[in-house]
Structure formats: C-alpha cells, structure tokens
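Note that subunit A is present in both complexes that follow, paired respectively with subunit B and with subunit C.
And then the complex of A and B:
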C-alpha cells in the first residue's frame, strides 16, 4: 500500500468516525469503540519496540499512566485544552522512553523487560505520593463542554481517539516501510551482526523507545476525561501491559496490520465478555488466546494467513 | 334478522379490541422495574462486592414477594466491574442505552462510584451510592445519595470516636502516632485523624504511610515504638490491618490505645483468623450486633443473609456491608412507592425531604447526599476467646463505646489491660 493511499484511508476513517457521531445516538457504542481504539493505539505503540526491534516492554502501564497524569497535572494547573494534553502527554512519555532507552542500553532480552516492569512500579509509587495529582486518594476530573460539533464529550473523545489511533498506525506504517524499519528488523534478528554491518543500533533503539513511549503517552492523555476519576490502581492497571503485548502477538508482530487485527479481535472479545459472561474471564480470554497463538501460530493471524496463501499458490 | 349480523360483528370486534387494550394495559403496569448497576464481583473488592450483591438480591426477593414496587416486579441488571474503574463508564452507558434500565445505583466503593458520576449527572439521574467517600464533594450533585453513615465530614468521621475516647481518659494521652496505607480510604482517614489530634491538643510524633504492597510490617512498628507514642491510630485496608496487628504484637508495641481506622476487622475471615489478638483494639464501625444498635428488621435480614452467604461462599456474618446495601435499596424502594413513580427529580426531592426507616435504623440525608449527621461508632474488641465464629454473633465482643447514644459498654484502658 502506498503512503498516500494509507493517509487517504486514515482520513476517510476519521471522517467516518465523525459521521457516526451524527447518526448513532447510543453512547455505549462510543465507550466500547473508544476502548478498542485505545488498544489499537497502545498495541501499535508496543509493536514499534516489541515487534519491530524485539525488545519486549512490560511497562506499557507506566507510559500510559504518565500520559494520563501529565494531563491531570495540566488540568489542575491551567485547565489546559485536550490538544495540549495530548501533545504534552506524548512529549513527557516520549522523554521517559528516551531515558529508559538510554539507561537500559546494556540490557537485552528478559533483563530489559524486567527493567520496564520495575519502571511501572517506581512511577506508580511516585504518583501515589504526589498529592497534587490526587495521590493515593485519586482525583475527580470534570469534563469541559463538548463544543458545538458534538452532543456530548464521549463523542468527542471517540473521534479524537480514532484520529490518534490512525495517526499511530500511520507512524508504524512509515517506520516499517523506511530504512528505520529495516534497521529495527536487523536489531530484532541479530543485534551484534547488525552492529558489525554498520547499523546504528544505539540510535535506532533510542528512537524505538522514544516513539513507542510517546504514542503510549498520547493514548493515556485523554484518559482522565474518559474515566473522570484518576487513581493509581486504574491508571497503572496491569491489563494495559498484558493487552498491549497480547494484541500484536495475536495479530502478528512483524507488520503494522497485526496490532490492529489483535486489538480489534481481543478488544471486542473483552468488551463482549464484560457485559455478557463478565468477570475476570476478560484476562483469562487474553491469556488463553495468547498461549494458543504462541504455541500454534507464533507469527499471529498474519502468519497464518501468509502460510495459507503460500499453500494455495503451491 | 340478517341486518343484525353487522352490528353483532362490530360489537364482537369492539369487545376483542377492548380486551386487547386491557391486556396491554395490564402488561404495561406489570412491566418490571429494572435497576442496573456494576458491582465488584472479581478483583480486590470482590469479597465485599459479592456480599453486597447478595444483600441487594434479598431485598429484591423480599419486595417481589410482597407484590413488587407500584405493583411491578423488580429486576436487576448488573455487571462485574472487576474492581477496575475504567470498566465503569462502559457498564453504565450499556445499562442506560442498551439495557434501558429504569434506575441505576452504584457499585461498591469510592473508586467505582466516581467514574459513573458524570454519566448519571449528564442524564440527571438519581444515583444511590454504596460506601463512597467524598464522591460528591466536587460535583455537588443534588440527586446523589450515599448510604454509609459518614456524615457531612466523611474524612473525619472514622477517627472522631477514637480521639474523643482518648481525650476522655485521665491522664489524657499527650502524643499519637498516625500510620496508614498509601491508598484511597486510609489517606482520607488520616486527614481526619490529623484534624482531630490537633483539635484535641494531642501531639503527632509519627505520621507516615506505607505502600499497600508491604509484606513485612515490623520495621514500621519498630519505628513507631521508637517514638513512644501514647496512642497509635492506624488507617489500613485488610492486609495492612492484619499485618500491623501481628507486627505490633510481635514487636511488643503496647500504647494506651491502638486501632482507629482499620478496615477488615469486621470481616468474618479476619475475626476468626485473629481471634484473641483483636482484644483491646479500638476500631470504627457502622453496625455491630450490640443491643444498642438493634433496629427493626436487621435480625430478619441477617437470618436470611447468613445461610445464603454460607451457600454463596461470601462473608457469613455480614455485619459490615450487607445491611447497608439492603438499606440503600430500602431507601430507593420507599421513595418509589411514596412518589408513585420513577420520576428521577421527584425521587431525589423525596429522598432529600424524608427520613427513612431501614434495617440500619433511621436514615436522613443532608444537602450533599451524605448522612445529615454521621453515625460512625467507635467500638472495642473485648473478651474474645479462641477463633470460633459463633462468639461473634453474640453481644459483648464488639462493644460500642462512642457516641453515647449507642454505647453498650466501657473502654478497657489501657490497651494492655484488655489483652490480659
């Protein structure tokens, strides 16, 4: 797919999301769709580091929550508008990604993953003790007016999240189809060999952690207006880390399409589980699907499709 | 003769149409009243959430046996919020937009009430809250009512009895240690404890929190012991409550009063686990089986609840939360019957205006939807022998000390005397 076609498609989808707000009155649709789109964004962000470069990040919750808490801080301090919250959330989490990338350069494999997990614990402890953003008690956020284009704020959040998710997919597509993406792939396949061949692995890893962190922070920035009560347990919830890892694994980690497939599939399943069979089956579903894919289809749905196509041609 | 047939036909058709209308009318009036909510059935608050759900189901069955509300049966539509606030907005919009419930009430706890507030406010719905702390402080929403008897100053209500009792002792304690979890309720309770200590002229010599994930409490207790406080106020969730009690007894921390805002000590699991180790601890309480707290209907409710709870595998005594969940629904039910409808504004106005008779006693709400006057009591565990659950059904084990109107016994002071 060419870049202009992808951009055109993203534009059509965003406009489509806006048109939906004119025709569908059922607000549950927006809440459910927001949740799924948020996971499209998070899974895509995770995949840039975890899928393309092979560095597994267990700290998605930390980057997401940092975006959310940056918003809380700015809402408390200056009642900043949503656009500013998104930009600031992305910048702060991107900066954290850069810092983590720099500090953990010597760590590979499971040790890098443990470091990201520790990051979430450290950040959560900081937020628990920072009274200005609610501390352990949490903080209520009152939504501003939705403006003239939307009848309620949830519609606005839905369109914004749709645009952000499309933006993240576009970034992933660009990386995958550029020299940067090929550089990432060499790190994933064999970092030492890549280094010997002159691939600037250090710079590329920093770029991957920064872009991935930035997108996760962007996903978290509208969260305070979505939930209207931010407290550390929800913001740093383990489900963000588990889902953003599982979704690309299910969809396929080597392509920008994989996280979308995984997020739509698992996100929808979870939404359905919440309002039908209910309970913690949500995470059980993710766990079972993840194990099944790791064992039976390690390249995800995309891998299965590729295999199927090859067989048909043969 | 033949001319009469059209007339007869019209009459038959009219009778049939009328009977259909009659049927439809009767069916419309018998349409169930559907009440929707999210509830913590899994996750951190599940043990209490399941008990609350059971109590609400008992209320529903009681009401339906008595002919329903406004002659209509009551039905529940509920979902598990997994003790995760981020699921709450989706659940309540689903309840309102897809399930089309008539009324919504909250799930259990502050963090799960808060995300539902903007949704109910946007639609101007009546919203009954189950054990939320200060959820309406910012919103000042006139259709929100909260059933826990925290009163207009929720943060202070948990510690008032503890410090008032301390101030009555002779000689009056001069110093206190304040310690608690880095979590929502304990942080609120500590704010109130600081206020009361200051008001009563008790010097704070230790004021620290610990992470909820703490496993070893002995360093915290040793640090408190080093400051030698006269009394120790602990604000904790169940793991912290257990950990602090065990660590205090291991280290030999024996202030003149110990306890205050320890959640979980009223749960059967902790009562039977800690047994005699609870003796002497002063804690807050909402309802305990003391003669001074008996209210009409509470025993009948517990007689239904306790066997059902054993079957369902939830808290078998059910003194802490279930009566309040039942009372919350009683308030709603009484308001529906009195206003003869489901008009949210009329219901809210009625609940503001009236006092309600419930299984937890008389309930009257103030302008912010909290109880007009707080009714949180201070109680002391006394004379507990062994770990048998049956003893906790009897009075004299969780003795109410404060306020005076509910007092059922005297404080054993100091703490060490109660432990003998």
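And then the complex of A and C:
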C-alpha cells in the first residue's frame, strides 16, 4: 500500500520536473537542481552500504569518477547516447563494487574503509596517466543537441537526474523493506550474531557493495555532459566522498528518507554558499554541520524527530 | 530420527596460533553433552568450527540430521544453520539496537524457519514470559540474564535440531545461571533438542548434562561417560571443584 503511494509520488515528481522545464527558463536553476539531485543519488547509494550494513565507504569519488570516465571513453570512442552511458557507467562501477567487496569484505569495519580510500587514489592515478580520456590536462566534451522536448541540454539532464535519483531511492526503499534489508541490519548491528543466525553475510555484503557502486557509477555517467570538461582532480574530488557520507549522517542512516533530507539540506546550503560567498566554503560548511550532528544528534534529523515523537507520546 | 555430530581429529587455530590439537568428540541423538574447559582452552573455537565460522585446518566434522549425513568441512555458517544447527554465541551477541521482537524474528532468517515463524514466536514468548513483556524494548537495554534468555530464544526461532550453547553463564549472577541452565533443560525436553554446551561452571552444567568432555589446551583430556565419572576425575576435582 505504502509502496504504491510512494511510486505514485515519484511519478508525480518526475512529471513535475518536466513541467518545470516548460515554465522556468533560468539555466542556473537546472544547473543547481541537478547538483542537488546528483547528491540525493550519491547519498542514497552510499547509504545502502554505509548506512544499512555499516561498512563506511570513503571511495565514493572513485565509483562516481569511474562512471564519468566510462562515459568519456564511450563518447570518445563511439559517441554513445546518454542511455547507453548511464547503463555502462552503472555496470562498470557495479563491477568495481563487486570486486572491491570480494577483495576486502573479509576485512571488517575500519579496514574496509581504508581500502576504499586507497581505491580512489589508485583509480585517479590511472586516469591521470590515460591520455585517451584526457589524462592530467582533462578533456572537453561537446553536448549533443537537446532534442525536440527541451530548449537546452541542462534541462534534459535535470529531468534525467531526477528520474535516476528517484530510481535509486526506490531501490533503497525496496531493500529496506525486504529480507535483504533485515539481513543488512543484522550485519550492521552484530556481524557475528548474524552469522550464528544463518544470515548469508558475505553474499549480502557483496550485494551491498555492488548495488551501492552501481548507483554511484550511474550518478557519474551524465557528469561529462553536465560539466562539459572532465579532468581527474574534479572528477575524483574529495567532496564527493565527504558529502555522500555526511548527507546520510545528517539526515539519518537507517532509513531511505535520511539521505534525501541530508542531500537536499546540505546540497542547497552549498549552492547558496557558492552563489553568495564562494564555493571554497563548501567543504567547511559540510565539516561544521557534520561535527555538529555527530555531537548533538548522532542519529541525524530522523533520530531527532523520532526522539521528539517518543517524548510527546510518553 | 537421529541427529548427531561427530568431530574427528580436528585441528584449528587463528593465523599462526594453533588452538585445537586433534580434537575428537561426538554428540548423540537427544543427549546433552557438556564441554568443560576454563578460558582459552578451545571450547569456543570448537563450537565455531562446528558452525563453520572457523574453518578447521585438518580433521573431519560430520552432521547427521534426520538420518541424512553431511560433511560440514568447507560449508558456510548460513548453510550449517540451514541444516538445523544453531549456536547461542558466547557473550550473547544480540542485535542491541533492535527490539526484542525484531531480534526474535531475525532469528528465523533460515528459509525453513520462516514457515514456522508464528508458532515459534508463540512458543518463545510463552517459554520466556519476560521477553513477552519486553517485546518492544531495545535488546541492548535489558539485563544480562534477560539478554541470555533472548539469545537462547532467538536460536530457537530457527527451529534447530541441534543446539550449541557457548558459555551461557558468562557474566551472570549465580541465581540467574541456575535459571538459564534450568531453562535449557526445559527447552531441550519440549523441543526434542540435542544439546552441546560449553561451560566452566561445573556444578551448574552437570545438573543437565548426560556426559561430558574436559578440554585442556586444545586437547580432550578426559571423556566422562556420566556426570558421576566426571565429578570423580582428578582434573575436574582440581580445576572445577577446587578439591
């Protein structure tokens, strides 16, 4: 029942996004909204592994950039259409997630995090040295025409990203409300207990790293068309890792709503700071907010709300 | 039908440290067997070997459930739970941030157990009235004795044929230890279980054990055919009874 309502809501939102493109003409609006939606997608993807199973991934930038570079490669090689880029980005990053999971998930807790951090460094070095996709100096990407439905390409990207973000949220919702999600929760709470209870921990963890990596790759796939100039330092930027970790923490990691709240809140805040003061301020803002939340509301905004309702009930 | 476990010449350890040196033992259908040993002698490691959490370096572990025979070597813990063996781990290992009810329901993760979920839940809540009262409480906020009860109840939710219990007395007051031990006996009878229990509290363990083994530095030093014989053995008298 709840699922049907949420699906309907998602449909309305996507149609709404499309309708907005008919009425608002200011390109910056789409540019900014795309950025926020991209973070909804990244934060949701991060949360599937980090929030549900408790394995903290510091390598969001690697999965995101791999999606972006897969696109660059395919654009360079065959001028592949956007749909193909998105599918390919998801596949390649999902494969990377699976591989990393297979190699490192026997490591528990913090060791897994360190491995993901190293992954970003390794991949970035590889891209810096690969001339075909631009190497260290980067590469310019020319956007195709926006087609008959949209007046410019950023509008199209905005609608596409809205749909992708909604899709990711749907995946997270499904996982959370299925046996898979309950298995994830046992891993997060006590992995040894999960094993004793017959939860297939290794298989579930592999599923989590794969799905999470895949969604991050999907987030990165349209990036070359969005930014039109791809170079390693920005594609692998630390801000992706920090943001996609901070957003679920601020919103609340145990529910699919948490990353959305966090992404909209922090994403909007950073956009405002970029316009009014300077984009240099962004990571500082994230840092301060994250510290504040870890100290004052370790369970995020959702945790605060829950505590609030419990008190009023009592 | 017969449910039994046979362990033969098992060697196991962690990295370079060898913990079990050729352990052989067996648990027969309907028995309660106690594994006596003080800390660091390999009780938990043996339990973990049977569950597939630790893979033995040598030796064999066989399981017979309902007359069918399985080699447990190389199987993952979830497969072994699937076959009908469940471990109540040492130190309880609950899911502290989930409620009592959620802990119980998650105990039935095994495919076969999901069919019996309603019946098992009813049984557990009846067998452990304290859990029925606290269904919505977070597991981590209960007392040690209640947590141990929950750990046992959660294991029962998977409809095990053979129940392994690793040191149920750890960190409990003496009166609670008696209660937990009595509960294990009661459940064993009601559910036709075969039980292997690791313990260092001899006086409590013999109350329900049919026979037992004494494990010292990773070797089975004595096999007692009855609790009487165990109580008479010098090792037990010296280390567990202080005589």
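Structure notes:
Everything below uses one rule, namely that the second predicted complex is superposed on the first by the 312 of 314 C-alpha atoms of A that agree within 3 Å, B and C clash if a C-alpha of one lies under 4 Å from a C-alpha of the other, contacts with A are read in each partner's own complex, and residues count from 1 in each chain.
The definition used in the following text is that a contact is a pair of C-beta atoms (placed from the backbone, for glycine too) under 8 Å apart; a residue touches a chain by one contact, two chains touch by 3 or more.
Computed from a predicted structure; not experimentally measured.
When the shared chain is aligned, no partner comes close enough to touch A:157: not subunit B, not subunit C.
By the touch criterion stated above, A:246 is placed in contact with neither subunit B nor subunit C.
If you count the residues of subunit A touched by subunit B and by subunit C, you find the higher number for B. Contact with subunit C, but none with subunit B, is seen for A:195 once the two complexes are overlaid on the shared chain. By the touch criterion defined above, A:142 reaches subunit B but does not reach subunit C. Within the superposed three-chain model, A:271 lies in touch with subunit B and out of touch with subunit C [touch as defined at top]. Judged by the document's definition of touching, no subunit A residue lies at the interface with subunit B and also at the interface with subunit C. Considering their complex, residues 179, 182-183, 185-186, 189-190, 192-193, 195-202 of subunit A touch subunit C.
By the touch criterion given at the top, residues 26-28, 30-32, 35, 125, 128-129, 135-138, 140, 142-143, 152, 154, 223, 226-229, 231, 233-234, 237, 239, 271, 274-275, 278-280, 282 of subunit A touch subunit B in their complex. Contact residues on subunit C toward subunit A in their complex (touch as defined above): 51, 53, 76-78, 80-82, 86-89, 93-98, 105-107, 109-110, 154-155, 158. Every residue of subunit B that touches subunit A in the complex is listed here, in rising order: 41-44, 79-80, 82, 84-91, 93-94, 96-98, 110-111, 114-115, 117-118, 122, 135, 137-139, 181-184, 186-188, 209, 211.
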